[in-house]
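Chains: A, B, C, D, E and F, in written order; residue numbering restarts at 1 for each.
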Amino acid sequence: MTPLIEYADAPAEVRAVYDDIMATRKTDYVNNLWKALAHHPPTLARTWERVKTMMGGAGALDAVTREMIYIAVSVTNNCEYCIATHSAAARAKGMTEEQFGELMAIIGLANETNRLANGYRVEVDERYR
Amino acid sequence: MTPLIEYADAPAEVRAVYDDIMATRKTDYVNNLWKALAHHPPTLARTWERVKTMMGGAGALDAVTREMIYIAVSVTNNCEYCIATHSAAARAKGMTEEQFGELMAIIGLANETNRLANGYRVEVDERYR
Amino acid sequence: MTPLIEYADAPAEVRAVYDDIMATRKTDYVNNLWKALAHHPPTLARTWERVKTMMGGAGALDAVTREMIYIAVSVTNNCEYCIATHSAAARAKGMTEEQFGELMAIIGLANETNRLANGYRVEVDERYR
Amino acid sequence: MTPLIEYADAPAEVRAVYDDIMATRKTDYVNNLWKALAHHPPTLARTWERVKTMMGGAGALDAVTREMIYIAVSVTNNCEYCIATHSAAARAKGMTEEQFGELMAIIGLANETNRLANGYRVEVDERYR
Amino acid sequence: MTPLIEYADAPAEVRAVYDDIMATRKTDYVNNLWKALAHHPPTLARTWERVKTMMGGAGALDAVTREMIYIAVSVTNNCEYCIATHSAAARAKGMTEEQFGELMAIIGLANETNRLANGYRVEVDERYR
Amino acid sequence: MTPLIEYADAPAEVRAVYDDIMATRKTDYVNNLWKALAHHPPTLARTWERVKTMMGGAGALDAVTREMIYIAVSVTNNCEYCIATHSAAARAKGMTEEQFGELMAIIGLANETNRLANGYRVEVDERYR
């Protein structure tokens, strides 16, 4: 495991990101991913900037839908860290257990049918090209 | 490519599924995936039954959200057939181009951050276990 | 696409592999993968040696089962080349259409349940650790 | 980790599935996957129905071959839960250690050659299209 | 396929990115990926900014090594577009055919050994945790 | 977890591989992967032979670059064992923390852009085919 860089030990550029995470999320907690990315400050800053904008900024998709899309990718890739944290985030933003159940079922279905399409080598219909 | 089984050449159990697809979708078109799966009727019947219920039945998620989850999986797995057909389905059900753009951006982001979490081997925070 | 290296243009070390492929398979046909790998003769030689032994040599699994395992991996990874060639190989070695249908169905099922286990973050039962 | 729903706490529709699992498998043990899926009873019921039929019902493939196909997918996707439980299932149904060793070796080989075919962008031979 | 947005038809914010791509790369050619991403200008701008900095800016890794890392990911994921364009980029920046051959061989090896480690469920050595 | 086969309990053909690992690496430590693969001696011998040659032998790529390519694959596949051991190996061979940070950032970028290319279904430019 990568050792985590705590606020007290972080250089100024890292503290600035931690401060923005806490201010944006209205919390005093910075989760482990950021404390690991702090080993490479440009990656920390770039990643946070994009997560802040793309998961939390204004846009055409609501907050829960964004989280569910994120979870669909993370479950398909089996990223335990991302599944755990974004399932919590989705619930905090209002995802119900019924919605979570349907989300998982559709993720499973798509992973199955993707392979049926692969295995049967199905040509894309003229009208969908 | 798997040769497609057309309605005229299909046995009764396959025709029954084709009929249900066309009736459910209010169309006279059966897309290629089903005509390929028709080589193994139990797979055809089981897969259609689940797609019909899970993508189109009543539930806690709206139809466009379901399609976007499906697309998130298919893009992550790079199933060209599924991306093409479900992007069309999502648009037919009301997904805007702005939503499609955000969907793609979040899929990209999650695929990136999944690997940052993997590569740094970040331990799941106590509170998210 | 990588240009293919034909027998007439191949150096001696590549020709030796092509000769062994044709002799082992009792055919005068060398398929495209080998003609592409010929750009890096050590990879060509090492890969053929292993395919020859592991797919064709003596062992505890019969030839069709080996091909079906190979197909299960290739469909999951969506390697079109490998799906096409090994589906043909499996059929040539005796796989029936009914077996192919069941193979695809199980590949689909496992790809689905893998994600259900991921998404629900299911702990391995004590007895299966 | 998803909390597991034990029999004593399960609603009737979930108990019915647990009962069928135990009866089908002739055991009094229900493994963790099902106790996690119980959070969404339709997914529990649909998944069990398919696993029961496709892994255990009559068909053209023997029970050990089915398990090995399942393992090939699970290892490729790195689903620890599925690898652990289905390796145990395969052994219980008669897979020998020699067969397991060959299974792993072929899974490794196919994962390698899939990438060689991808990386060299090898066109599918006319005869295998 | 997504229709491509040509310079003549592009809005000002898209033209600004195309101009920067051509200036940075000292070419009058903009490749298809950018002309497809132009459908969602924020994704176009963010992606180009990062590719420009991370693949072309100053840093601790030389340009060919960066391209080879990029190719290793793309081959593992089987992204044909990315393999084709970045193999060309790597060669333009100096990658030799011998290096390409070794790159492919190591990508194949790692994809194989990843599965051996998965399938045998090997615990990380104390010293490497 | 697969039980590890220690030197004292290993048959002669396994000991020979362990001896070669220790001699090649100038260490008295054999890491867990090999002790697990020892359950299938042909896989142990073949895998070690290839790792020895391809990661450590003479060639056109330097040792750190080879390890970084290996890590790029392992992070993309999320093989924890391989990430842990090869990150250690790369550092032992001279990879700096700055290089590791850039490696992770490029792996993340490529995993993202691979999906943008997939999702927008971008046709390969004529000149890169």
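Criterion: contacts are C-beta pairs under 8 Å (C-beta built on N, C-alpha and C of every residue); 3 or more make two chains touch, one makes a residue touch a chain.
From a predicted model like this one, the values you see are computed outputs, not experimental measurements.
J.: Under the document's definition of touching, what chains do chain B and chain D have as common neighbours?
T.: A, C, E, F
J.: In terms of contact pairs by residue number, which of D-F, B-F or B-D shares over half with C-E?
T.: That would be D-F, since it shares over half of the contact pairs of C-E.
J.: Farthest chain from chain B, comparing Cα centres?
T.: Of all the other chains, the one whose centre lies farthest from chain B is F.
J.: How many angstrom lie between the centres of chain D and chain E, each centre taken as the mean Cα position?
T.: Distance between chain centres: 34 Å.
J.: Please work out the Cα centroid separation of chain C and chain D, and write it as a whole number of Å.
T.: About 21 Å separates the centre of chain C from that of chain D.
J.: So, what's the distance in Å between the C-alpha centres of chain C and chain B?
T.: Measuring from centre to centre gives 27 Å for this pair.
J.: For chain F, write out the residues touching at least two other chains, lowest number first.
T.: In chain F, the residues touching two or more other chains are 1, 39, 43, 46-47, 50, 76-80, 84, 98, 101-105, 107-109, 111-114, 116, 118, 120-121, 129.
J.: Once bound in the complex, which stretches of chain E touch chain F?
T.: 1-2, 29, 31-33, 36-37, 39, 43, 47, 50-51, 54-55, 59-61, 65-66, 68-70, 72-74, 76-77, 79-82, 84-85, 88, 96, 98-99, 101-103, 105-107, 109-114, 116-118, 120-125, 127-129
J.: Mind listing the chain D positions that touch chain A in their complex?
T.: 39-40, 42-43, 46-47, 77-79
J.: Give the list of chain A residues in touch with chain E in this complex.
T.: 1, 46, 50, 129
J.: In the complex of these two chains, what residues of chain C are touching chain A?
T.: Where chain C meets chain A, its residues are 71, 75-76, 78, 80, 83-84, 103-104, 107-109, 111-116, 118-121.
J.: Given the complex with chain B, which residues does chain C contribute to the contact?
T.: Within the complex, chain C touches chain B at residues 78, 97-98, 100-102, 104-105, 108.
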